[in-house]
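Chain IDs A, B, C, D, E and F follow the sequence of writing; residue 1 opens each chain.
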């Protein structure tokens, strides 16, 4: 016959949950492709919170599909092994040894650590790479860059089977993909996320990055962009460096049928939830 | 190219949603039978919030089943029609005219207003009574009380069909039930909720009332009771009046396989969410 | 070791059953929407026979869907409550109180009594109203007539789920429907039956009335009408009074895809069976 | 705008259909194994009526399974081919040539003519023999009788697949069965019907014969027998000749789980319907 | 603790199995209609090997459907019964007695012997004729030829149900078919196989014959023919006698959607396997 | 109009395929767990042939599940990275860095190369590790050996979902598994294969090794062992070194319900096929 101290915390939380309903309803049954990468991926606490949020999305009736990168970790391993990369026009050449190391790091180490974090949070994650069940078939992007790949075909049947199971699994995907002749190709994770989002008819492609979103010339966050806006930012030089391929991935994804793309900050916990389930939103939405 | 003012409301909400995950996971796929009644039912704003919370439960993967009463509304209609009730041992006798009015009010007016509130909140509610698809078969509780009924059989197949549909429906049940000879019986809503919770193998039976929960002799809320505790409170006179049949319903439900029963205050919005999805809890849990 | 007296009754019955086969085969799997109303609804024996015939249709492999009215019972309850109705152009104005009484009588009393009669006959009926699962959404037919409604949308998913179950349920529908803002609308039962028959792709819409069928100027029964014939009868004044909206409902239903509409006498038992399963037919068929 | 002469035939028929409902409900979903044989099988009109009644059973929601014999037709073919049978203890010896002729007549000619009659009546019949999908495996009943077989195993999976299809097929079965070494065995049709009825958990095994049913010593029809009664009739010599194996088949079937066996007259049309769907009954019921 | 003598037989076999993989993959899930007939059908050892190969096809994931003829066996039975056939323009007239004998021989004797051979080899065969479930409806090919039939409609639903079961059944089909008025028609087995292959969307129609395949004027085997080639061989007189209707069946089948037709020698065991699963091929392929 | 040279190769192959039927039938629908490892794994041609054989098993209706090791490749990577392992009692201690490298090599490099080889052979392989969907949960085998793990629980639901899809996927499993606290454990591949075979109710666990099988004291191959025989060989010292844990895995697997375990030579192509589909067998069978 326990008694309870009165307090109001629970009631405030309940109010918040209640307010999330219309947002959750909007995404029921929708596929949300999330590119996880950047500094968040190297931070254990952020990774755990990310995994927790992904499980929440699944619990709320959405279908999250995770794609991850891992550039810094690959670089670090190449360094440990004392493998020097060649560069052509400022871009790293992926020779066979390099892509082999990239595969070990991405499909082996990083992929399974994300899987494990999601499972620790109560989800049921399954790690895949572009090679599994021919998820992504690639070929060389540019002969000079070696085994740097560009997707030429997707077969999403394994994702369909896994997410349609009851209760469903959460696919976690490394972008290393196979070529027609059995080669391995290192595909950019944003690009891989983009083509999968298109093939899956995703409602959202969410690109987690290391900045708050797309900025204008005065470093103010732009919250809503049309495809034309985004292309304009590239053209007029406002978008620079790594933001250019992100904007290209975003506009390509929208053109291939993804409802909207969000570029948001992965360094702050729960950005996914703020974007999807509150009217505040987070980062930059391109549609 | 909209820009956004910075504020933190969304981030706080996201944090709250995130914290609810382990609670939601605990109830995934569980049937939650909720008796809606008392003053809340007469209050339009509280009814809307209740409906909203029920839809949230459904969205979170639970299977809510609503049972409602409506004593005051029946009394008010009997008064308008100038029908005087006979009383035996202080209990109202339900003659055929009275049970007919009760059916109109419960199965017609109240049932459909709850259905409509849930549908307005984005759910898909279906109103039923004990008569539909032989959900509850009753007979006379006591010959002297006329058509006041006690359940003698349940057939939950229509609830199974409705909740198993994809996306599922939310059953809203009036306790007026049929007898073997085609009579109508007025079954107490708590009792109806209790037998349905047992037949459905519910995880929780939640009885919304007009007090905070079960109180000890000093008017302090008791938060956790065993079946023995509950029966002791009846025996030693601590539980009085309307609380006695509620405790009896609760202990019967636990004995018939319901995991736990919660008696909580329906006059305050979001009590269901506080009880199910926060570690604060609300009201009195009997198991 | 019982012995049996010889007689021929059983053999004659068997011959009759045998002759019904080609008629039954014609309707296997077809949806038959039946508007039950008029004097039959107030007669307990006729209601029981009607319920019995509906169960027979189900047993023979048809999908009966019942829609009922209840004008006289509403009038009688309004009278008991001493509620006076306003009239505009000879039509009753449904104010909020009136539509509330109509809902209690239709969705509460009458609906459940039909459900119970069908269940007594061995069927499994489920009572619904236009509000349940948003079956019919209505708005005001004419601002001057208050909450008298006209259907603007249907969502037949709950009927599909209930009739597709194995063994299937028999839906019994009260025409009181919800509005977009949560209002209640009193929709004419013939009209409701007509729009549902269209949405369900029914083979037959059967309107049970208090006369034998459509009559010509000499009071002879017309057994077969084309849509043009029916519209002609309205135009040339042969059809009068309550027959005009019935013919309009019938022609609208045929235009929306119902194979044929039958207007027949509900005051004589087994008219449904005569129409569907014998070559005699009953009432007036419009196609 | 056709008009109709008034008459009452349709209304009488409707009354009869209506009265059949409780009988039909009793057998919904039940398997009814019917042994078709004797003089009825040689009469084209009776065969057509039989086929018609079988389709009616299917339409009413029962699962008819037909087993047929064909002794006279085999005899006639053996005669045409001038094949003389050997006899041992008064029983015909089935040598390989004889069983081959029996198979042609039963599985070829008679089986397909019944299939065709049912299809002409609007059913979907599929002819099978004991050999198909190993429906019945047999071995020699008595070494001296050659290829006269007795069932030793059944595999009803093909019947389950065919009757569970939607709409379902009606299996028509010739009793010629295969042996473990690839031989053909001539199994008695009553016996085959009995073992299949047991394996299918049939509600009724109906044996159509050339007499009215089981008679007592004074030639009065016995309408109800217990298994003990039936065995007593054999023991005390009341049952004679061909009735003895029929009663043995019946009592064996009841022991293996068939609810009841009916021995009835196949020479009069619609006996199946009289027995199943009227309270008069036909023939002798053993349970 | 058995020990084993070393030898290499198993390893050679494994190598062969391994090499068959790409061929098997090509036909996974494909329907293969096989006309079994000619001398092979009269040879018990060849029939067993044929049955064995059919089961292997099923095991490899193909869907074999067998159609058989039986001309010589019919002739022999007609002779035994001393039935003389009339001839018109050199073609046998099928009177009612003759088609009755043909049905007994084909649907009774031959059909069930093939069924049994397949079952002995571990398959689950079900024998059907054109009459079962209205598989083939025929009418008279030429009034002068009596009940010699030509297919006018097919209903392949029973084949779909049987082959879709898990594990699936192997249909074995006698070409005797029903007419609209309940007659029996003797349909040529090649023709029946052709129309079924078209209706089933078969990948291969394989016609087993008594010669090696289609020959050129110098008696050399032609291994690949286009439809034009095949029609040319008829036109220029290279194809003679029984080869003409075979080529016509083949070209009709290709036109109705069958991917390819193979005319091959049924007198040599395992021709089906050579054709389907080796790069050698057997007989003549027409596409 | 191609012509073909006569030769007999195809006919010999067909004969071999035909003879494999009874062996294939025996394993239809059975799960075959195959541990791939040793020298074969380092040999590209052998890996391709292995992949090809696995696809053949799938095509023949078996359910292959692959588990792989990779000791030499891990050692080679540790060497490249200049990581020195500690040894306790002659066993390598897996510290956190070592198990991290092991995961990269096993779950990243080797797993995906086998997946790719199977896909190149026309299969649809999906690479998993013990971590995915909590396939294997492990804890420390011995505190002194660090993150060397022993399985304590399995959850085979992801394998069931993948192999039950139509057409099914082939799971390829790396033995690196997760611990309850989120650690990584290096589980021995034979052990992992053994517990999965038990959990899956496998018909065969096939351990590919670098010797011909289990030898007696005179170096003769033992082809059949009982569990007692196998334990005896350990006890009497006949089994030495790496063979001891293999025999322990085998006897444990048989005790947990695996029908039989085969230890066979992975260095020779097609051993799987010889063992499963010929009567010669390969290696040592323990049951």
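For the reader, a short list of remarks on this structure follows.
Methods note: a contact is a pair of C-beta atoms (placed from the backbone, for glycine too) under 8 Å apart; a residue touches a chain by one contact, two chains touch by 3 or more.
Bear in mind that the values here come from a model prediction, so they are computed numbers and not experimental data.
Each step here moves to a touching chain, and the least such steps from subunit B to subunit E number 3. Centroid distances built from C-alpha atoms place A farthest away from subunit D. Centroid distances built from C-alpha atoms place B farthest away from subunit E. Taking the mean of the C-alpha atoms as each chain's centre, subunit C and subunit F sit 67 Å apart. Centre-to-centre, using mean CA coordinates, subunit A is 56 Å away from subunit E.
For subunit B, no residue reaches two or more other chains under the stated contact definition.
Within the complex, the subunit A residues that touch subunit F are 80-81, 100, 103-109, 111-112, 115-117, 119-120, 124-129, 131-134, 157-158, 161-162, 165, 169, 176, 178, 182, 184. The residues of subunit A lying in touch with subunit B in their complex are 1-4, 7, 9-22, 24-25, 28, 49, 52-53, 55-56, 59-61, 121-122, 167, 216, 220-225, 229, 268-271, 273-274, 277-282.
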